[in-house]
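In what follows, chain A forms one complex with chain B and a second complex with chain C.
Let's turn to the complex of A and B:
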């Protein structure tokens, strides 16, 4: 009975000691074991590990996942003296746990230092580029990715040596102009659109006048053609009429002349005509005594 | 005696109580042990996947839905990740919005700047994008990247900046939207994988893309100008069609008139000559009489019509009037 109780107590103490000398590291952690503040071991493999129990060895856990943060937006000058404001995002992770642990210790300090570093690099690197290498409708001329790569490489060298950090990714996530330049961009956009609108309206006017001129040309062409055909037809009619008359009248020209003259007289002699006729005329030959001799100089019929 | 007895009774009772308790303890210990082991049962729901960790070390990256058993705490731990759940969020970092909690307002308060993205031809463009995503890799989701949602937003912003920087504004605002959407998805996905977020974008929608509001009306006017251009053209075309049709009609009428003139001319010639020929055949029979008769007919008809007809007689063989002068009509 007493033996049993003793066994239990010994077992309990043993479990406590074991529990205090075993620690686990999970997949997102790295452990640095310090003995009275002195780092003695680094554990990167996830799973259970041994250590000296209790206060003899302390486990410092670091987060080895990829962290993201944004340094402050940075205003800088391009090579062509254009001011521009850029914001980056930075992804980093611990590369050398011991360096990181000794130089920085916490994530907040790491991001502060790294942010300053990236912004300094950004300012340097962008001094080599002009605006048309940042934005351009010719995709081959845009060097944004190249800029990101350069900043990444240069920051990486320094970050690894000084802080034990690895910069995984740097991306430019915003590009803007200072307020005055933004205003200038807006104004240029406005005048560009105005020009474009004017151009369309001018094109419309031009196209319309071309269409109308073409129509007018067609109209006069159609009219000319029609007039020509009409005259030809009329001419045919005249020709035919002349031919018919010629054939008929040539059979008895003297009769035609006589009839035609009569017709002409008919037309000439209107109501208001004053006609003076001699009694000697043939017409009135029966009006006077029959023995009256007819004047010599009389026209045959009148 | 009595006291002895009673003392003995108490001792006996205590003994038996301890005996009972001891027997009972076994059951309690057994129950506690059973209860402890029963904590190892866990279920993964249909829209989840599990990641199983044994003493910090992941032993199963993909535990599928169902009932499972593992050693209870502190030996193992199970993470449940909702892999089939659609998450979505709005990226409005380049979209002016006056609400105090909008991204544009936050950025404005920080820097005093307006929110927009730049196009390749140096125009400001505002864009709002909705991203729908799921967790596709539970292991990376849990142990890859720390700030997944922040990173997702940053990556989308980066891709927007990069894609717009190479396109002219007119394409971006009109025909380029679909291409933009697709590139945004593929490029952002590549970055998400590189940074081990464990997320998969399955849809990107451009909710709105527009020029800044102070410039908007100028863009609208360009659209109106295009419409005006077409209007001018179609007005001219309808004028042309009308004029040509009208002229065709006029031309036809002229030709019709001409042919009716021709018909009339020939018909009247035929009429005239028929009459003439008829007369001629009479005339041939008795020329002189016919001629005289025609003449008298004329005189009767024509002279009677005249208002003033004077008959002049000769006196002593001399005409009183010089008949060479005839008064005009």
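Let's turn to the complex of A and C:
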């Protein structure tokens, strides 16, 4: 019985030792094995691995995947003295596990250091650019990707050599103005809008005037044309009428003169007309018979 | 048929009847705990049947002393270590087969427990009463079997009685679960139906485990676990005697040696069976894994990826127990969403420019304007392996890359374009360019859709934008008014023109007609006058004189007199008196 118990204890210890001498690394990790603090091996292949048991060798696991983080937003001065706030993001990955492990150790420290570095590069690089190279309606003049590339290259040079990590990607997440400038921007936006509103109103007036003037012109044209045509028509009518009458009257012009005179008298002698007649006019030749012979040469006088 | 056989037969039939009833009720109610209990009762039927066989005499073999305690190893203790496969009794094979059937039934019920949403069970109180009645039946069967077993010295019958007692506990669990449901325990978020089902599943699993152990033991002719341990355990737990002993142990705090042998045996049995059951359960459950309906899985064996390119699909999967294999489950089918720019407040009724409706992080447009975009990205995980192994947090990368592209787009477009015509192209560009970047860095993500919810200027400027719209309206209004004037003046003029033309035409007609009339009159008169010129001319003359001079004042003047000073003004004295006097 005692033998059996002893066997059990030995077996238990053996199992413990074996368990402490095996460690697994998965596909996301890199392991650095330190023997009393001295890094002796780097394991990058996933799977089970051997080590000296327990405290003799320590396994330090590092995440080999790409990490993404945002350094703090940064206010900068551009070359043309425009202040601007930029937020960028950084994707990084462990390039040299041992360097990384010795220089930085953990992800948090790495990101803090990397953040300092990237923000410093950002400041340096942006000092070479003016606002119209950052925002511009002409897309060819905007140098954002060039800026990103420069920061990436400059950060990478340092990071690879001394920090054991490589910067995979850097991008500018957001560009904005400091809050003191935003009010000015708002006011400019407002005044732009007011200008635009005024322009629309003036354009309305202009368009309305053009339309009205054109209408007036068309009206005048129509009216003038109509009057002209009416006069022509009337003239032609008059011509016709005169012609008709002329043809008739020319057959006996003296008779026409006689009849027309009578008609004229009828028309011009109104009710109120006072006539002053000479007593020796033909009409009264019979009125004073002592002076004249009544009925003599009557017809010839006419 | 002796009395033991009869007892076993009767209890088998009773148990069968109860089981059938339970399955029927399970079908009606849809309750998981009832279904589990029905399967548990089936184990009872199996046990009773095995007891029946074990107490029966064998007709083909010489009747030997039947070791009744091992009801599953019916052919008794074997001293030979070699397994004689031909000599394994039919009961043994049967019990093994049933052990497997019960095991698969248990797995099926576990699967159901995992994937069935909570069902509303109609009138659970009635089912509860049924199960309390079934519990009573099981108790009766149990008392009957134990009594007969004691009377005729048959440990198999006693063991079966204990199992019936365990079944009674199962029925009680089902019954009380139903009554708790009636009382509305589901309303406080406890799915008691599933909890009850899990407890009973543990009973069933213990049964199948015992079956396998007994089969193994009987193959090697070793006694093995003769009793139904779990049922014995449960029966002990509800036995008054156990608690009495336990109470004595505690209250007298007496020595372990002073305890009765019975208690010590019982305590050891409880401990060993609990331990065995626990280990079995842990190993069993860690060999199973389920991948949810919208998930996929990665299998890592000792950290190494073993199914590269072949993700585990939804369903039940076997795996090596921890820590040999790990399954990483990722939700790959669900379309997820992410806010780009600003996050709109879910409580905002409408997204209006003049009201703040979310976080306000300003962006800069090409003409130096500040504004707030609200864009929602729909995405999905398209490659579980890249998703898991390339990025520590792929979503964060998606968020950053989308923001960066957005900033780049905004830096070259004017605000009014971004708000109006450039929305669609912008969405398309984000989808294409960000997707290219996601693929380049093997993030395993796929953008399904980009939705621009809202882009608006600062609230304090929004009113100015509305003012512009008002001015545009005003412009339109002025143009409309002018067009209206034009539309009325021109037709009016046209009407006047027509009128003038018609008037001229009627003038012409009138003139011509008059002229014609006059000419005709003249010609007629001429004809008449020419016939008698001597008479007609003076006549006409005098007619005219009469007509014209009648009733008119006439002043006759002597031709020899001097020219009179006249006023050609009627109604007044024509000659001045003094002139007359002269």
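Keep this in mind: the second predicted complex is superposed on the first by the 258 of 302 C-alpha atoms of A that agree within 3 Å, B and C clash if a C-alpha of one lies under 4 Å from a C-alpha of the other, contacts with A are read in each partner's own complex, and residues count from 1 in each chain.
In this text, a residue touches a chain if its C-beta (ideal position, glycine included) is under 8 Å from a C-beta of that chain, and two chains touch if they have at least 3 such contacts.
Quick caveat, the model's predicted, so the values are computed rather than measured.
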| item | value |
| --- | --- |
| Simultaneous placement of chain C and chain B on chain A, clash or fit | clash |
| First, second, both or neither for A:178, with chain B first and chain C second | first |
| First (chain B), second (chain C), both or neither touched by A:26 | both |
| Chain B versus chain C as contact partner of A:274, first or second or both or neither | both |
| First (chain B), second (chain C), both or neither touched by A:15 | neither |
| Partner chain(s) touched by A:70 [first = chain B, second = chain C, both, neither] | both |
| Which of chain B and chain C A:223 touches, first, second, both or neither | both |
| Shared chain A surface residues [contacts with chain B and with chain C] | 24-29, 46-48, 63, 65-70, 89, 91, 131, 134-139, 142, 144-145, 168-169, 171-176, 182, 185-186, 188-190, 193-194, 196-201, 203-205, 207-209, 211-212, 214-216, 218-219, 222-223, 225-227, 229-234, 236-238, 240-242, 244-245, 247-249, 251-252, 255-256, 258-259, 262, 265-266, 269, 271-280, 283-284 |
| List of chain A residues in touch with chain B within their complex | 24-29, 45-48, 63, 65-70, 73, 85, 89, 91, 131, 134-139, 142, 144-145, 168-169, 171-176, 178-179, 182, 185-186, 188-190, 192-194, 196-201, 203-205, 207-209, 211-212, 214-216, 218-219, 222-223, 225-227, 229-234, 236-238, 240-242, 244-245, 247-249, 251-252, 255-256, 258-259, 262, 265-266, 268-280, 283-284, 295, 301 |
| Touch list for chain A against partner chain C, complex | 24-29, 46-48, 63, 65-70, 88-89, 91, 131, 134-139, 142, 144-145, 148, 168-169, 171-177, 182, 185-186, 188-190, 193-194, 196-201, 203-205, 207-212, 214-216, 218-220, 222-223, 225-227, 229-234, 236-238, 240-245, 247-249, 251-252, 255-256, 258-259, 262, 265-266, 269, 271-280, 283-284, 287, 298-299, 302 |
| Complex contact set, residues of chain C against chain A | 300, 302-305, 323, 326, 361-370, 388-393, 396-397, 400-401, 403-404, 407-408, 410-414, 437, 441, 457-458, 460-461, 464-465, 467-468, 470-472, 474-479, 481-483, 485-486, 489-490, 492-494, 496-498, 500-501, 503-505, 507-509, 511-512, 514-516, 518-520, 522-523, 525-526, 529-530, 534, 537-538, 540-541, 544-545, 547-549, 551-559, 564, 566, 568, 570-571, 574 |
| Complex contact set, residues of chain B against chain A | 53-58, 93-94, 110-124, 139, 142-147, 150-151, 154-155, 157-158, 161-162, 165-169, 191, 194-196, 211-212, 214-215, 218-219, 221-222, 224-226, 228-233, 235-237, 239-241, 243-244, 247-248, 250-252, 254-255, 257-259, 261-266, 268-270, 272-273, 276-277, 279-280, 283-284, 291, 294-295, 298-299, 301-303, 305-314, 319, 321, 323, 326-327, 329 |
